[in-house]
Structures are given as structure tokens and as C-alpha cells.
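Below is the structure I would like to discuss, written out as C-alpha cells.
Naming follows writing order (A, B, C and D), and every chain is counted from residue 1.
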Amino acid sequence: MTLDHQVADLSLAVAGRHQIRLAEHEMPGLMALRAEYGPTQPLAGARIAGSLHMTVQTAVLIETLTALGAEVRWASCNIFSTQDEAAAAIAVGTGTPEDPQGVPVFAWKNETLPEYWWAASKIFDFTDENGQPIGPTMILDDGGDATLLVHRGVEFEAAGAVPPAPAEGDADYTAEYAVVLDTLRQSLATDPQRWTRIAASLRGVSEETTTGVHRLYQLAARDQLLFPAINVNDSVTKSKFDNRYGIRHSLPDGINRATDVLIGGKVAVVCGYGDVGKGAAEALRGQGARVIVTEIDPICALQAAMDGYQVATLDDVAGSGDIFITTTGNRDVIRARHMVAMKDKAIVGNIGHFDNEIDMAGLARVPGIERVEIKPQVHEWIFPEASETAQTTATEGGERRSIIVLSEGRLLNLGNATGHPSFVMSASFTNQVLAQIELYTTDVDADGEPGVHVLPKVLDEKVARLHLEALGVELTELSKDQAEYLDVDVAGPYKSEQYRY
Amino acid sequence: MTLDHQVADLSLAVAGRHQIRLAEHEMPGLMALRAEYGPTQPLAGARIAGSLHMTVQTAVLIETLTALGAEVRWASCNIFSTQDEAAAAIAVGTGTPEDPQGVPVFAWKNETLPEYWWAASKIFDFTDENGQPIGPTMILDDGGDATLLVHRGVEFEAAGAVPPAPAEGDADYTAEYAVVLDTLRQSLATDPQRWTRIAASLRGVSEETTTGVHRLYQLAARDQLLFPAINVNDSVTKSKFDNRYGIRHSLPDGINRATDVLIGGKVAVVCGYGDVGKGAAEALRGQGARVIVTEIDPICALQAAMDGYQVATLDDVAGSGDIFITTTGNRDVIRARHMVAMKDKAIVGNIGHFDNEIDMAGLARVPGIERVEIKPQVHEWIFPEASETAQTTATEGGERRSIIVLSEGRLLNLGNATGHPSFVMSASFTNQVLAQIELYTTDVDADGEPGVHVLPKVLDEKVARLHLEALGVELTELSKDQAEYLDVDVAGPYKSEQYRY
Amino acid sequence: MTLDHQVADLSLAVAGRHQIRLAEHEMPGLMALRAEYGPTQPLAGARIAGSLHMTVQTAVLIETLTALGAEVRWASCNIFSTQDEAAAAIAVGTGTPEDPQGVPVFAWKNETLPEYWWAASKIFDFTDENGQPIGPTMILDDGGDATLLVHRGVEFEAAGAVPPAPAEGDADYTAEYAVVLDTLRQSLATDPQRWTRIAASLRGVSEETTTGVHRLYQLAARDQLLFPAINVNDSVTKSKFDNRYGIRHSLPDGINRATDVLIGGKVAVVCGYGDVGKGAAEALRGQGARVIVTEIDPICALQAAMDGYQVATLDDVAGSGDIFITTTGNRDVIRARHMVAMKDKAIVGNIGHFDNEIDMAGLARVPGIERVEIKPQVHEWIFPEASETAQTTATEGGERRSIIVLSEGRLLNLGNATGHPSFVMSASFTNQVLAQIELYTTDVDADGEPGVHVLPKVLDEKVARLHLEALGVELTELSKDQAEYLDVDVAGPYKSEQYRY
Amino acid sequence: MTLDHQVADLSLAVAGRHQIRLAEHEMPGLMALRAEYGPTQPLAGARIAGSLHMTVQTAVLIETLTALGAEVRWASCNIFSTQDEAAAAIAVGTGTPEDPQGVPVFAWKNETLPEYWWAASKIFDFTDENGQPIGPTMILDDGGDATLLVHRGVEFEAAGAVPPAPAEGDADYTAEYAVVLDTLRQSLATDPQRWTRIAASLRGVSEETTTGVHRLYQLAARDQLLFPAINVNDSVTKSKFDNRYGIRHSLPDGINRATDVLIGGKVAVVCGYGDVGKGAAEALRGQGARVIVTEIDPICALQAAMDGYQVATLDDVAGSGDIFITTTGNRDVIRARHMVAMKDKAIVGNIGHFDNEIDMAGLARVPGIERVEIKPQVHEWIFPEASETAQTTATEGGERRSIIVLSEGRLLNLGNATGHPSFVMSASFTNQVLAQIELYTTDVDADGEPGVHVLPKVLDEKVARLHLEALGVELTELSKDQAEYLDVDVAGPYKSEQYRY
């Protein structure tokens, strides 16, 4: 039994196993893949380095990968998102065929940044039967941190350069970037070809999110992509399900657990009307909030208007909202100046991706501001009585005005609640498993340079199909005549590539 | 400082005080009453025996009552609903004018039934300046347990009878009723005129819920009501707000915290389409569930159909729902035979009032059934492999079929989450405070026998008015001409008594 | 065959008969009453003077009354609302038992005010078997015009006074009131005891609307009510169905037929959030509009906010709405100053009751304004290029700004579309028939002065029950135990009188 | 003035002109194009053969094309959809710069099939300054009939073959196809190279609908496409706006005008959950119907379930629906066997594309069936009392069971109402005008064989942008930093090609 996991103890593991068993019931796609592919073991010999929120649902994903033959190592892709009992249950082997000896898991709730990047680095340390280091065959990534580490590592190794140590004030300094470089510096000191070796063994990466996919397309556009990538995010059954329906569920869940504040009757400002924003707006309206949307894309803005939402700029509505949610994947969406202008006890949270959607650093720099922890992941930021930036911060009662920030600006559904529910993750993760099989069993870049690919539509439809029975859906079958009329196969795929669902 | 409270310790109290401060921001009605009535102390000299879920919101209610001059003693009206930090914060005096010495609180999360009824009994034990027993002037009740205790106590005292000790199998036996009688037996042994004295000192009771109000009208109809009652439940700003909008918020919150199961795409069966059922159905639909309603009242059934819901009988849909919620105030709504017929992992919860909406006793009697605690207030009931009552309980995978029951059939929003949010309770509790003032300062039964009264419409409108500014509502004012045309006063009330909102 | 009806011609009648047949399918309540009461003829000998929009649905009502034995005379209660083919079909007898000789109908689309009041007067002119005048036994009223005529008639006859002829500028002058007095003056000239005789023969009136009911309560409060009244409007199955669900249907229908303008994405301002306003807001939101509500009642305003609508004053939002709908029953809700401030091509309509909700007279007085008929019941009011009241009326393109007014400020669902659909009218009219039976067969004022009554709840529930099967509703039946627990009869009624649905 | 139009008379034209003026206010995209491109006349010299529903909105499109310099000839693409007053207004020149001499329009409401195809043929007959025949430079097509005519014409001309005259019973016989061949036979008889010449002059076609686009991709896949095509349908601002939001508006409008039946509380079956189906389901739910969806595509089916709809097969629910709407683009979606199984007075309509979605021919073949015209485009099909195909067709009352079919199975929003509203068509038609400019001013097939293209995303965003101001949308602008972070231009386009909106 591997014992890498800090929190691995038996009672946590037992609690986690319980939850995993219940989650399996809600993840029919993954269970169907186990049934379909278990016998043929298409991932036998595969070594998968996984970096994705270490939740109960991810546990079912991990155990599906191992059930299909893979060897797996895992870290979380967010310092707050690990559910310790899930990590424990996975780390502690149960001796069953699916989980003979436990999976090395490097993740716990509330990591520091150095711990986080240490964990991200550890998932690559597979060993062969002789205990010798051997690279992973695939990365399963969420947000692209694991992929980033390999690419920056190879870059420094190729240049023979020591990663610099940027200081506050440098142009490219962020606290996190300094830690990344630190991690790489240590790695190079130990083994100057480690990342080059790892990259060579990789058949590819499957990426979960908009943000990570965006990074991959950038790399590909600059011819810097080191191995093929499958863009899982843009499977319809991912982007239109997890992003939208998952958020619809987990956004109010996160707000509720964090604040217990009535959403009904409140003015909620949703920044961004992509799939995540659409799910967020629908959820808040479904709870009786009046939703205002901010957008930079005229098409999404028009959709928001046609769906009945007011579309305004944050500068105009910062003073009238009660709840502010970022969903953009962009940076600096809510700035310090917006937060200074907000009503007393306004709630601010991010459900997009990185924590730079809300300018937490800028908020912390407001002169005289005070930060009080209400409970873990819920902080009250109390403005000074009067300052240049905020002239009237006192409420009528004379108390100092404050705002409530969730999860310190990181993903609130993971930080304040338990993330997306199992069913919606089942659709996303079924795509992930199919993508890992594609990467391992086919040559996805047969015809050229490493590129970024989406799964073929027929697999996308398969993912959907595996989730219908659980919802009691009765699908109609095309007759042969109808299929001919539409010029499609009776078994699909049914739509052209332009189709947007 | 009174130290009756088992869990009263300072760190809990500090945490509770934090939450109370944030809740005050969400309870503008109560804060406005403190501002309006604090100077004149209309409740000076009043002694209030309170029995209502001991939550953070109730803490704000209690401190509003004391801010208006009352002396208060408190118990919860549900064995699971106390938030210990709120109880602690109230019990531990802060030395401020609103809370000079702490309020005696007899409540903690997860009471036993004997503890519960002991606590209900303790709230009546006021003492005068000489430390002599003195009765309360008012009861503030939720569900009617405190009122019941007085009425049954007086009944036994008048009859000079010793309360019997019913045994299982007796016609009127329930576990709880046996405890009630036990409590009264002890009381009579100590002081055979205690309840008679208490009843004599009471100017009245204000009652919070449909269930409690129903008991009061029954007592009044039988000429057995011992003191006047104000029916707070039927204030529009209570029944149409707390019952509906509170449930809309706290039902999905409770389901989420308990199960983390995706509500979207599921079939949710809501038993009852009164105000609670309307809020429940709206919330579940807002999360993307397909809602089926069951009803016994043709008018409510027609409303459900017109609102786009399927209306069916539970016998017909027990096998096709994923989530079942009772909202009726009736008993035996979900019976053992229904639960036996449910799909694997169906979720069953009650958000009505008493725990007899779901026949938990019947479920426990299913031969061979097993109960596993997933976590506190979440239990899996696993059916035997085959039995007379449930011939095919195995799932496809061969595992035994099970269902998930929330809060052991008691109120799931209180047991699995934190109950209604502050804002909605502010409307309800503002009615409560106005009702207590009415009972204490006016003779509500001036013209006859003790009766059950609703607050005058103008006070109902006042409660609404006190909550508008917080939601950014701009109210239009009637012109004098318009008021004349409508035959109302410019200041209200605006509607006839028949009006249903 | 009676030939009172101006437009009665056979081809119209045939078309109307077709529509009546289809409407019968959508009016299960009325058809069930024919089946239940046809054999016993409870209205045999009754003479009913009806004043209610002469639509296809009303035709099914009229033929239900005659099928139960009544003799009926009919006028519309709105100058625009008659569907001529329905009037024709009813006026032209078909020789069947339900309609042996036609019903005298005095109604056509687009009446003048004098024609309207002439018609209202004609419905009282029953004759006995000898052709002698005989008064009606009941009025079936909508808005109270027929009832008003009798009361004012009796008043003038009692005073022996000749109704005055008010002139423009007099305090109580309105164009319509002048016509009413004119009508009465003619009647008194012919027969100085006509109204006194009619009043004497009346057993009562059943009234359909909020507005009419309000007048009745005013009369009763002043002890001026001449005969008992049944308030049909406040049956739950009327006010909560017709007012809400009927409007939800017929408001967008009216806007669409009148303007063909996309509702989605528009800002719609709904004045009033009673039942009619609730239905209006739901319909507009359902079409993707952003709805802003105006309210004077704090309770309704709070409901609107909790339902997710912005609540503002018309003065604040007159310049930002695209569609303005009045639903209040009040006067001067949209004033000329509001209309002058509106955006180019803003749409203004009334779905409340009287045409004084929108100050059409004030609009017509805006100096330089022009009125262009786009099509019947749709008028463009074009503002002058510049004036004191509206300084900048030109649009960017230099054209003069204008607004679109529907149905000249009268009920737009009747003027621009076909009114409420049959099913919803079936609920209302089933109440009307039951009320007429109550008035005719029982002494509703047995215990005192003429008063205003609502139908007993058990009849209200009956109306609902008769409409469930058509919607596929399966009602649950209370067990005897449950009924006992709730203290109700298994057959209902199920709710207390305070219950608001 | 050209007088090709049968119904062109002045009073119709005046009414049409009124409506066109009001529609212009609702078509900000087209008006903005006139302002932007009017001065440079990018379509000067272009000859456009248009085949698209001849409505008021199309009139604004036509006048935008002429305002940009084009010469235009027009036919409708549906025998029922022409609004005669719009056709008249366009056909009758007003002498203004935009409309100097009228546009030849070949369209009227209720064409026969031979008239329809005659009209489709006439739009190609441009003449040069000498009156000599000259081919069009572009087709603007809706559904592909104009494009089909050219392709089949060229095919027959190339083969030197006379189009056959298929008879009923032949494999490829349909009534319509026989007329097409007839039309071509006449054309070839007159001029055996007409279509070849027309094809040679064409720079391309822009196609409006899913159906037409599908045909184009088929032609391109078989290398039979004779000229480039721009797929307007798959612009986001077309498929996600017109298809969804247009249907949301015009579906209930069509049902209401046709039947006046209450939609609330009814069971509505929507066949297909593409964009049209999504809009249909939303509209019907918004009116309080309970919507059941049928689907063949598992992804769309999963979306429907997640949006809270039941997904079933038509065979299972044919007997329980009240309203049936096809939205698929497929054939034989509702078959005779389904209609035979429907409830009495069920309503059946098509809002997809061709009239073969509902098997009208099969319905007409039910032995003993009778067809009664309720009003134009609304027919009752009355089943025989008993037959093999429908054993129990009598209703309880003993009447024969019937269903109501809208627009004879053709597009009900055009046949029973006035089609999509102007605003939504403005988005679609702004795409059309931009596509026509692209075809005329650029070589869209610069790099190869004639293909099918979509408009560049930046034009798609431009279309959206032109419609925001009218809805009061305030768009946020990206900062330079943010744009860099996202790797996009501040001015857009903002999304990757995979993005689905």
C-alpha cells in the first residue's frame, strides 16, 4: 500500500468509500465503460498522470481508469478542492480487482502553493517493474497546470537555463509563478533531463477546461505543443453539460453553504454569459434573484438580452448588486474599484477558473481594509471608515461597510461546496476516459505535427447515450427512410460539424 | 449569567455572535422594530416563553424581543434544528443593553425526546424579583408544543388525574406522546397546580405554523382554548413568504448538503401543492428537475396543472421518481408501500411539519430492511434481497436496492441545512414581534371568549414595507384621487379581506 | 326567431356555431353542469339579464343557462368585445332543445356609447306569456354596468327626479356618464316606475369582476344594495384562474395580433402585481421580456421582488420600457406625462378593467399630437416635433416620435384578440352558473339585509374538480384516518377560510 | 412600374407601406446597413433572385438590398406565407430613392403548386438595359427551391433530356415533384439553355435554412454544386436567434390565432429538440404547458432532460398529448398511426420546414376520414365512427373524434400567424445582406471548387452588435490587458471556431 497521502487514514477512507459507492450510482457513463471495456483492458500498460480536483467523482474516474488497466498517479488542480475522504479512499487500497493496491494521491484540502506544485510534480514519478523512473504515457489535465509544468520544464532543460527567481515588482511576477519556477529549479538541480524524458514518453494529454484548452491552442499555434492533445472541454457533452448544468447546481449550493443568505429577491450580477454564465444566471433566476449580466461578446450579450436579462457594465451596476459572480475565464473582471463601490455585505465569488477573475490583490491593497474570517473560505473584507478610494463606507447604523468574498476568489463551488455533482461529472469524465483510450490506442496525430483535437461526434453521442436511461429518457429511433432523407446513418452521428446544440 | 445551556461555551458563542451580526443585515424588519420601538419599550414587564427552532435567525428575534423590554426563555421546537453556536451566543450574555445577562436557552442539536420535552417545560419557569415562580405573560410557539403542554397540563390538573403511561399497542400510543405524558406526570408530582397557574398568567400565544394554527382552531372550536391566540402563520407576509420563498431556498439547500446529487434532469415528486409545495416545486424546476405533484385538494391540483406540472397519485409514480418531498402537514403521505416500490437510491425527505408525513415506523418494519448512516441525518435504508413486500429489490448489478431518507423524516431543511434564510425569517418574525406587542398591549379578545385572530392587514402591510428597501424596491404612492376611486386610504390597507395575494 | 341582433345573419351564425362546438370541448365545467342539472331544470322559470362580453365562450354559458331552464337576454359589457359570429349563433335559434328559439342578444363589435347603454337597458325587457313586461329574476353582470343601471334608475325614480344632463367641465362629467343619464332620462320619460319594478323582481346578481365586486361592496357598506349579490370574482377558481392564467394567455396574444412585435429581449413594464399582473408578468417573462413591475401595495411589491422582478415607479421607468401594460383596476395609472416621456414606438395597453387606467383623454390633449389608425384597435399617436410638454420628440432619423396604443386604452385582450380562452372561462362561468342556481333556489340573504356573498368553498372545489379530467390530473383521495387527522371531510372542503391558495 | 403581381393594388400597398415603416423600427440591423453602406453602393450592378417568404420583414430586406444598389426580383418560398400587403407595397414603386420603380414580386397568399413553381421560375428573368435576358448574379434562397430549379434545369439541359412526367405510384412521385418537372419541361421547350446561362452568371447563393443548407452540403459533397454558397443558417445570429427566439414568439402566436385554445395546463409534445424545438418548448412551458419532447439524437435528448422535460417516443405519448408540434426538418415525424391514436380535438402543427414532417397524405388515406375547414388554414379531421385503424373513435358524448390540423401541415407560424417578428428577422436578414455583399464583392471560392461557407465570426459579431442598442444592452469593453490575456483582439472576434454559444 502506497502511503503518499498525508491524510490517508482508515476512517476517512471508509467514509470516502461510502460516498464513492453512492456516487457510482450517479455516474452511469463511467460504470458503463467499466462494463464495456473492463474485459478487454484497453488501458493496460498505460501510465496516467492526473491533475484534476480530487473529489468523490474523480475517485470514480480514477477507479474507472484503473479498471480499464491503467496505472494512475493523481494530484488536485486546485488548492482548496480536495475532498480528503475521497483522496483517502483512493490512496488506501481495498484489495479488490479495481483497486488492488491503492493509487498514489498527492492532494489534501487547503494546500499551500508550494505544496500544490510539489504535488503537481509528483504525479509524473512512475517507476517500472525494477523501480526505475519511467515517464507517464498520458496526462489527464484540468486547467493545464500539469501540461504547463512539462512544457516549461522542457523549455528550461533545452535552454540549459536555471529558472529565474522573480521578485515582487517584476513584470511577470505573481506569487504563483514564483513557486512554479522554484519547483522547476529544484527539479533541474536534481535531474536536468527529467521533463525532457517525461515529454518523450507522453502520447498526449486530455484537457478538461476552457482555460486549459485555450493554453493548448496557443501552444499549438506557436508550434510549441510537445504532444497531441484532446480537447475534452469542447465535447458537447462536456461544455454544454458540466459548464452549464453543473454550474446551475453548484453555484447556489456554494453560495448557500458559504453565506445562508436568501438569493430570492436579490440582485445578482453574473459576469460573462458563456456556458458557465448561462448556467449561473439560470440557477440564480430559478431561486428568484433578478440577474444582471455583463458581457464583452456581442453575440453572448444578445443571447442574454433575449433570455430576459438586463445587460450592463460592472461599472454601472457595482453599486446596486447584492451578489457578484465571475464566470469568464478572463482576468481582472471584478476590480478593486468595483468592490469599493459595492453595497454593504455584498457577496463576491468566482466560478470561472483562475483566481485572477477577481482582483484579490487589489482588494488587499485598499488602504485600511481589514479581513475577517467568518469561517473557512468565507471572508469579510471591512472597508475603512473613510478613505480616498471609498469616501462613504459607513452604513446607516454607523458600522463600517464590508463585503463578503468566497473562497478567496478561487472556485467557490469547490471551495464552499463539493463541486459539480456526480451525474454531470460522469458525462465529462466519460469523455475523459474515451479520450485517454483514443490517445493510448490510436495515433491521433497520424497526419502531422502535434495538434489539438476534439473527440469524434459519434463518441460525443455515445457519452450522451450512456446517460439517458438513468434519466428515464426514451429515445426515438430513426427509420431507414428518415435516415436516408437526412443523409445520416441510423446509428449517428446525426449532426453536421457546424451544429451548435 | 444563566448557564442552563449544555453547550454554552465561549468559542461557540463568539462564532454565533459573528453569524448573528451578519444575519441582522438580512433581517431589516426586526432591526427596524428595534429602532422604532426600542425607545418606548412596549414589552417592558412581559415574560415570553418561546418554543421555536433555535437558529441564528431566532437569535435575532430573541434579541429584538429583549430590546423591546421583554424577559425571554427559549427552547427549540424540533430535536434536530438547534444551531448550537446561535444558542450559545444567546445564552452567554454580552453585557450590552440588548443582551444584559444572557437569555436562558434550553436547546441543542440532536436532543432526545425526553430532553426535548424537558426543555419545553423549562421555558415556563420564570421567577420574580424575589426568585419566586411566576408565569409567563405570552407564549411564542411554533407547531404548538408549548401550547399543548399548558393545555394538557391544565386538563390533568383540573381532573386531578395522573397522566397515564400508554404502552406500545395502545390506540393512542406514539413514542412521543408517551414522553409528553411522562413529562406531565413528573410535573404534577412536583406541583399539582403548576400549569393552571401558568395558564392564568398568560395573555396569549402567537403561533408560527399551519400545523400549530390548526390545533388552535380546533381548541377554539371546542371552546377549550385557555387564552387568546394570534395566528401569525396566516399573515400574508408569513404564509406567502416563509412557506413559499423560504422553502424555495432551503429545500434544494437541504437536498444538496445531504446528498450532493444533481437535481437537474431528475424526476421530483412533490406531495402537496400548498404554499410550501409551490415553493418546493418552483425550486426543483428552477434546478432543472421534472416535477410531479400529488394533491388531494382539487383547487390546488388545478393550480399545479396550470403551472405546468403533472399531477398524479403517489401510488402511480412511486416507481418513477428520483426525489420525493412531502409538504402537506398531513400524516402517512409517503407510506412504507410507496418506499418499497421506489427506484434504487431514490431520495425521500419531508419539509412539511411533523415527522409523520413519511411513515418511518412502517419503513422500519419492512422485514429484513437495514439502516446505514451515511452521515448524520442521511440514512440509507437497504431492502432485503427478496421478500413478500418487495419481490425484486436487487438492482441490475445484483446489489441490494436502497433508498436514502433525509433527517429521519423530520424537516430536512433544518436537519440537513440551516433552515430558512434570515431575510424570509425576518418577515415571519416581524409578524411575531408585532403579535407579541398586540397580545401584551391590547385586549385582543375584548369582545368575548378566547379566540384565534390574525394580525390586522395594516400591520401585515407594515411588515412588507419594512423589507422593501433592502431589495431596492421603489413603491408607487397612490394619489388622493386614486385612493378615493379605490375607496382606500392613501396609507393602506389596500385590499379587501377576501383578497388572496 | 328573435331578430334583435343587428348583425344576425345566417352565415355568421353558422361560423359561430362551429366555434361554439369547438369551445364546448374546452369548457368541461359547463358541459358537466348540463349533464348534471339538465334533467332537473333548476333554473326553470328564471329570467336572467346578462351583461358580459358576448364571445364564443359566453355563448356556451348562455346555452348552459337555457339548458338548465332559464330564459335569457344578453348584452356585452364592453363596446369592443363582442364576437359577432358568436352573437349571431346565439341570436339565431337552431330549434334544438337547448336553443329552441334563439336568445335575444343586443351586442355587436364596435358599439358607440349610446348603443352600448341602449343595449344594457334592453336586457331587462322580459315579457310574460301574455306579452306583458315582467322583470328579470337575476342579473349576471361583469363590471357592474347592468347593476348600476338598476340602482341609479331606482334612485331617480324614488326621488321623482329627472336625471341631469351634465356638460363637459362639470365636476362629475365623463362622456360615458352623460350617456348613462341620457339613457335613464329616456327610460323615465316612457315609464317612471320601470327600474323600481325591475328591482322588485330581482332575486339577486352574480358579478364577475374585481371592479364590479368593489362597487357592490360599496353599495352594501352604504346600505344601498337593492338585492343580494354573489361575488363570483372571489371564488378561487375565478380570481386565481381567469385573472391569472387567462391573462397569461390572452395578453401576449393581444400584443402579438396587434403589433407583431418581438416580445423577447424587450423591457416590459407591468403596472400592478395582483392576480392579473402576476399572469401578465409571467407571460411576458415566458416570452423572454425583462419585466419591471410598478405597485402601490407593499405586500404585492414584495411578492414581485421575490419573484425576481424589478419594482420601480412609472415616473422612473417610463423612458426605458418598450411595452407598458396596466393591470390595476385603478384610474390614471399611465398618465399623459408618462406617455410623453416614452421611447419611440413604445407600446401601451390596458388589461385591467375600465379604460381610465390609461389617461387617453390626457394624451389626446397633448398639443400637436396626431392619431393614425394602423389598423382597427391599433393607433399610433405621433408627438409634435417640439413642444413644451415634450421637448425632444424627434428620433435620431429625424422622424417624429410616436407611441402605439392598443384598443384605445380598453381591454386589449378583448379588443386586439379574442379574450380569455375557453378553458379558463369555463372555470369562471361554472361559478356563474352555480351562483345563479344559488340565487334562484336558495334565500342567500336569509339572515338579514341584502349582502355580498362568496360561493361556499365546497362549490369552489367542485368547479375545480370538473376541470381536472380534461387536464389529465389524477387526484389523490384522503384516507379516513388522514381526513380525521386534518379535521376535514374526505369529500372536502379541505381548507380553512383564511387559506389563500 | 412593374405589374407582375396579381394582387398589386394601391390600397393594399398603402397598408403594407405602413407596416413596413413600423417594421423598420424593429429591424435595426438592416437600417444600420443602409446607413453604413448606402453611400458606397456595394451591390451596384448586382442582380438578385430572391426566394423567401414575402412578408413585411422581407420587404425591409428587399429595400435594403435595393438601397445598396442591387436589382431584385422576388418570389415566396411557401405557398401560404405571403402577406399580400407587403408584396403590394414592394411591387408598387413609391418614387423614393430606395424604391424608384417597384420590385417585381411574384407571390400571393395561397398559391397553387403550379403557381408557386411558375413564380420561382420568374425571379430569374432579369433583362439588361436593352431588354435582353440576363442572368442573376446571386440567389437569395430559403429552403433551396430556387437553387434546386437551377441545378435540375442545368442537369436536364446538359443531358439534353426532357424531364419525365412521373405518375402517382412511381417511386419518386410526389405531387410537388411532378410540378417541378412540369415547370422545367415548359422551360426547356422554350429555351433549352436557359438554366445553363443562368448558372453561368451566378456568383453564388446565400441560403437561409437548415433544410436548404443541408441540400447544399449534399451537392458539394457530390461535387455537383454549380456556384459557391454562403450558409447563412449557421451564423450564430441566425440559427441561435431566428430558429430559437423567433419560434418562441411565433409558435404560440400561430396556435393562438388558429385555435384560441388555452395552452396552460395542456400536454404539449414537441418533436425535436434542436434550436427550433428548444424555442418551441420554452414558449409552451412559458405559457404553462407541460412539455414532452421526442428526439432521435442522444445529445439533444440529454439536453431536453436536463432542461426538465420528459423525453418519450411519439408512439408512447400520442394518446396523451393535447398539442403536437414538429420541429425536426425530417419527414414522417407524425404519422397517420399517431394521429389516429390521438385524443379528441388534439391539435397538430408543423413549425419545422417542409410539409412532410406530418404525414398529411397518410391522414387523408384513413378510410372514412372527413376534413372540415374551420377557417382558412385550420382544418378538423373527423375520424369515422369505427374502423380497423381506429377502433374507438367516438367521444363520451357519442360524437365522432377529431383532430385539428394547422396550415395543412405546412409552417404554422407563417400559415396561421405572421411568421417571425421583425426583430429576429433583422438578425437573420442582416446576415443575408452581408452574405450577398461577400458573394458579390469577394471571391469566396478563391481557393478551389465551389463550396459552402459560413460568414466569418467577426461579421456574425457585427450582426449581433447592430441589434444591442435597441435592447438597451450596455456592452463591456475588453481592456488591452484582458484581450492579450485571452489572446484576442479588443474588437473581436472573441471566440474559437469550436465555440457553440
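Note that a contact is a pair of C-beta atoms (placed from the backbone, for glycine too) under 8 Å apart; a residue touches a chain by one contact, two chains touch by 3 or more.
According to UniProt, the chain labels map to these proteins: A, B, C, D = Adenosylhomocysteinase.
Because the structure is a prediction, the values reported are computed rather than measured.
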Subject >> Interface composition of copies chain A (Adenosylhomocysteinase) and chain D (Adenosylhomocysteinase): same or different, split at half >> reply: same
**OP:** Name the chain whose C-alpha centroid is farthest from the C-alpha centroid of chain B (Adenosylhomocysteinase).
**Re:** D
**OP:** Could you tell me the distance, in whole angstrom, between the mean C-alpha positions of chain B (Adenosylhomocysteinase) and chain C (Adenosylhomocysteinase)?
**Re:** 41
**OP:** Could you grab the centroid distance between chain B (Adenosylhomocysteinase) and chain D (Adenosylhomocysteinase)? Build each centroid from C-alpha atoms only and quote it in angstrom.
**Re:** 57
Original post:
For chain A (Adenosylhomocysteinase), what residues touch not just one other chain but two or more?
Top reply: 245, 264-265, 285, 288, 302, 305-306, 310, 471-472
Original post:
Which residues, counting only chain B (Adenosylhomocysteinase), touch chain A (Adenosylhomocysteinase) once they are in their complex?
Top reply: 15, 18-19, 22, 25-26, 56, 245-246, 248-249, 252-253, 256-257, 259-267, 282-283, 285-288, 320, 344-345, 374-375, 380, 404, 417-418, 421-424, 471-472
Original post:
So in the complex, which bits of chain D (Adenosylhomocysteinase) are touching chain A (Adenosylhomocysteinase)?
Top reply: 214, 217-218, 231, 234, 236-237, 239-241, 245, 275, 294-306, 310-314, 316, 329-332, 427, 454, 460-462, 464-465, 467-468, 471-479, 481-482, 485-487, 492, 494-496, 498-501
Original post:
Within the complex, which stretch of chain B (Adenosylhomocysteinase) touches chain D (Adenosylhomocysteinase)?
Top reply: 264-265, 285, 288-291, 302, 305-310
